[in-house]
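So that you can tell them apart, the chains are marked A, B and C in the order they are listed, and the count of residues begins at 1 in each.
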Amino acid sequence: MAIVTLTTDLGTKDFYAASIKGRIYSLCPSVTIVDITHEIPPFDNEIAAYSLKNTFKDFPKGSIHIIGVDPVEKENQKHVVVFQDGHYFISADNGVFSFLFNKIPRQVLKINISDISKETTFPAKDVFAAVAAHIAGGKAITEITSGKHILVDRNSIVPTLESNTISGHAIYVDSMGNITADITKATFKQVGMGRDFEIRFRRPDNSIKKISSYYNQVPKGEKLALFNNCNNLEIAINEGSASKLFGMKRGDIIRINFSD
Amino acid sequence: MAIVTLTTDLGTKDFYAASIKGRIYSLCPSVTIVDITHEIPPFDNEIAAYSLKNTFKDFPKGSIHIIGVDPVEKENQKHVVVFQDGHYFISADNGVFSFLFNKIPRQVLKINISDISKETTFPAKDVFAAVAAHIAGGKAITEITSGKHILVDRNSIVPTLESNTISGHAIYVDSMGNITADITKATFKQVGMGRDFEIRFRRPDNSIKKISSYYNQVPKGEKLALFNNCNNLEIAINEGSASKLFGMKRGDIIRINFSD
Amino acid sequence: MAIVTLTTDLGTKDFYAASIKGRIYSLCPSVTIVDITHEIPPFDNEIAAYSLKNTFKDFPKGSIHIIGVDPVEKENQKHVVVFQDGHYFISADNGVFSFLFNKIPRQVLKINISDISKETTFPAKDVFAAVAAHIAGGKAITEITSGKHILVDRNSIVPTLESNTISGHAIYVDSMGNITADITKATFKQVGMGRDFEIRFRRPDNSIKKISSYYNQVPKGEKLALFNNCNNLEIAINEGSASKLFGMKRGDIIRINFSD
């Protein structure tokens, strides 16, 4: 029983996500559909990618992930299927894959279901649902694709690394106010090499000098830094909201200075 | 494996929708339950009908649709099962069917499960879930109904048609700010007969003179009109919010003037 | 096919709940997952318990309920599985069970999956999902637990009963503005013994002298009291919001005075 996940900016108020589900069930009744989230900010590929990057490996290999954010096919933004790390991803080639994978995926096929991609106002339903059901039903992908596709190269912002400094950004603020940076545990170890450090953000007096293992390692209401479930650096308040307390939002700079 | 969909005004914060699901699974474990939306404005049959009208055909024939909006049984508002276009609809006869179907459905049965309909404060769970599970389980509908029912006739607002003008209304504003009118492609073609036209709304200088095929046929930030996935006229901004930009809300007049 | 339900404070915007689902499906593909709600106020065990208390019996016996609210394991707050009334409950022993059950559950086992409980920042995924999948898969609970556990005793607020008075509190305000009190039908009958009564709240002139059977037993816009689907006293407005009209919120006193 294949799993199809949905990551969209369609919201939960409207009936659009249900339309996609109905279409998938009509074409492949035995599938299991799981919402990643429908509350991606409109057209925000970076948040879509971050949300899926942190979840898709929790699903069984062979799962099919529909990305319904900025899904319209354009001259420079084709509908594609990507097979990577044992999972299928269905999306427009709109830059989302630059954020989603650390390396450029090589198994990329151009979707080709007659002319629907060009004609529809609702490609997540009319194209992506059909492709997902096709794959979930065990049919050959070649029947609905027209050969290999090279993803358009779109640069994503990455942390700046110097010998004593990592300069990154807040890339995600969750609904509890935890702030995730684009600084991974691997980068932290590589640059830091075990040295003492100071994490700085927003104001000169905001400083954290150690990495906690879990939230409640500091007293309630205290700030902390940890590497979260996704191995990204996270600034948090134990049982509180770091984004509110520090007035931090996505895009703000988070810097780690290592001692000489 | 039958599908049961839920369209309610119960919201997502509370546990009520989950109660309905639990009851259905208890009575018929093999069913698949899909949320259309639980964010219908309270008691708003028109939005409930519009949401379901635009989605039910995406589901497989034989699907069962629970409408849990204004569901209490009253003297003039009985609990009914409607079979139409290959789908089952379970609701109170509160006017929702006048909006949902273009023609009056003829296969309408009065629900009759002992006296539960009269006694419950939560008919979507205590009555509709039981009826849905009964149908999903392949049992005879006659066991839980007491013969034919004539739906109460409640008029819905329809566009005014003149020889050179269609005068309709905004009936739905989605979370992206797209505005759907009660003007269908069929009506547009029938009155327009290929003539030039001007779509007017809100202010005299808001005017659209052509129908686009998709959102990005106009530059980003520009207004457009198209017939959406549901064949209703939609006023939109490419990658923007028409309802915000034009200050439009549900009920506002949208008029199409055709040239002589 | 086992059912796993989720009650968390993770919200619907983020991808966290989807991570939990992915993990469960990876470990036990045949399971059915149902959201109770993900909009429990952060760390609010009382609302979590109330939400689950009112829904779990709607699900089939043998269902598995994950409570992902304040889930971190601490010295005095261990990860446990509780088996009660034919259902499994997986949670941290954080006080939620004092609100969830009227009697102290006796079948309580301490979860013991290597050291994951201590090390994770996301126990609802790393611990609770694994335990749920283990139980759903029909494996022996003893494999993932280390013997009996005595729940930490945490007192919950209960109504004060006198010979002529019940003094309770608003414990839940739903999204429609209905206000549920911690006064049950059983308590009402036991103290009242059929006497006349007056329900008082907020202001001296707010008074209700009878119990309705359903909302529309009073005219639209009128206040009423009834015992809801969960047998708790509920203050409501027919087709309106009691919490808005009376300015009532959780914790406010609701008193019933019986005549001598």
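What we mean here is this: contacts are C-beta pairs under 8 Å (C-beta built on N, C-alpha and C of every residue); 3 or more make two chains touch, one makes a residue touch a chain.
This is a predicted model, so every value here is computed, not measured.
A.B. asks: Since chain A and chain C share one sequence, what rotation angle in degrees maps the C-alpha trace of one onto the other, as a multiple of 5?
C.D. replies: C-alpha superposition angle, chain A on chain C: 120 degrees.
A.B. asks: Looking only at residue numbers at the chain A/chain B interface, is the share used by both copies over half or under half? Answer same or different.
C.D. replies: Here the answer is different, because the shared fraction of interface numbers falls below one half.
A.B. asks: Between chain A and chain B, tell me the centre distance in angstrom, where each centre is the average of that chain's C-alpha atoms.
C.D. replies: Distance between chain centres, rounded to whole Å: 33 Å.
A.B. asks: Listing for chain B: what residues touch at least two other chains?
C.D. replies: In chain B, 12 touch at least two other chains.
A.B. asks: Help me check something: in the complex, which residues belonging to chain A touch chain B?
C.D. replies: Going by the criterion above, the answer is residues 9-16, 18-23, 25-26, 29-30, 33, 42-43, 72, 74, 119-122, 125-126.
A.B. asks: Quick one: which bits of chain A touch chain C in the complex? Just the residue numbers, please.
C.D. replies: It is residues 1, 3, 5, 12, 32, 34-37, 39, 51-52, 54-60, 63, 174-176, 213-216, 226, 228-229, 239 of chain A that touch chain C.
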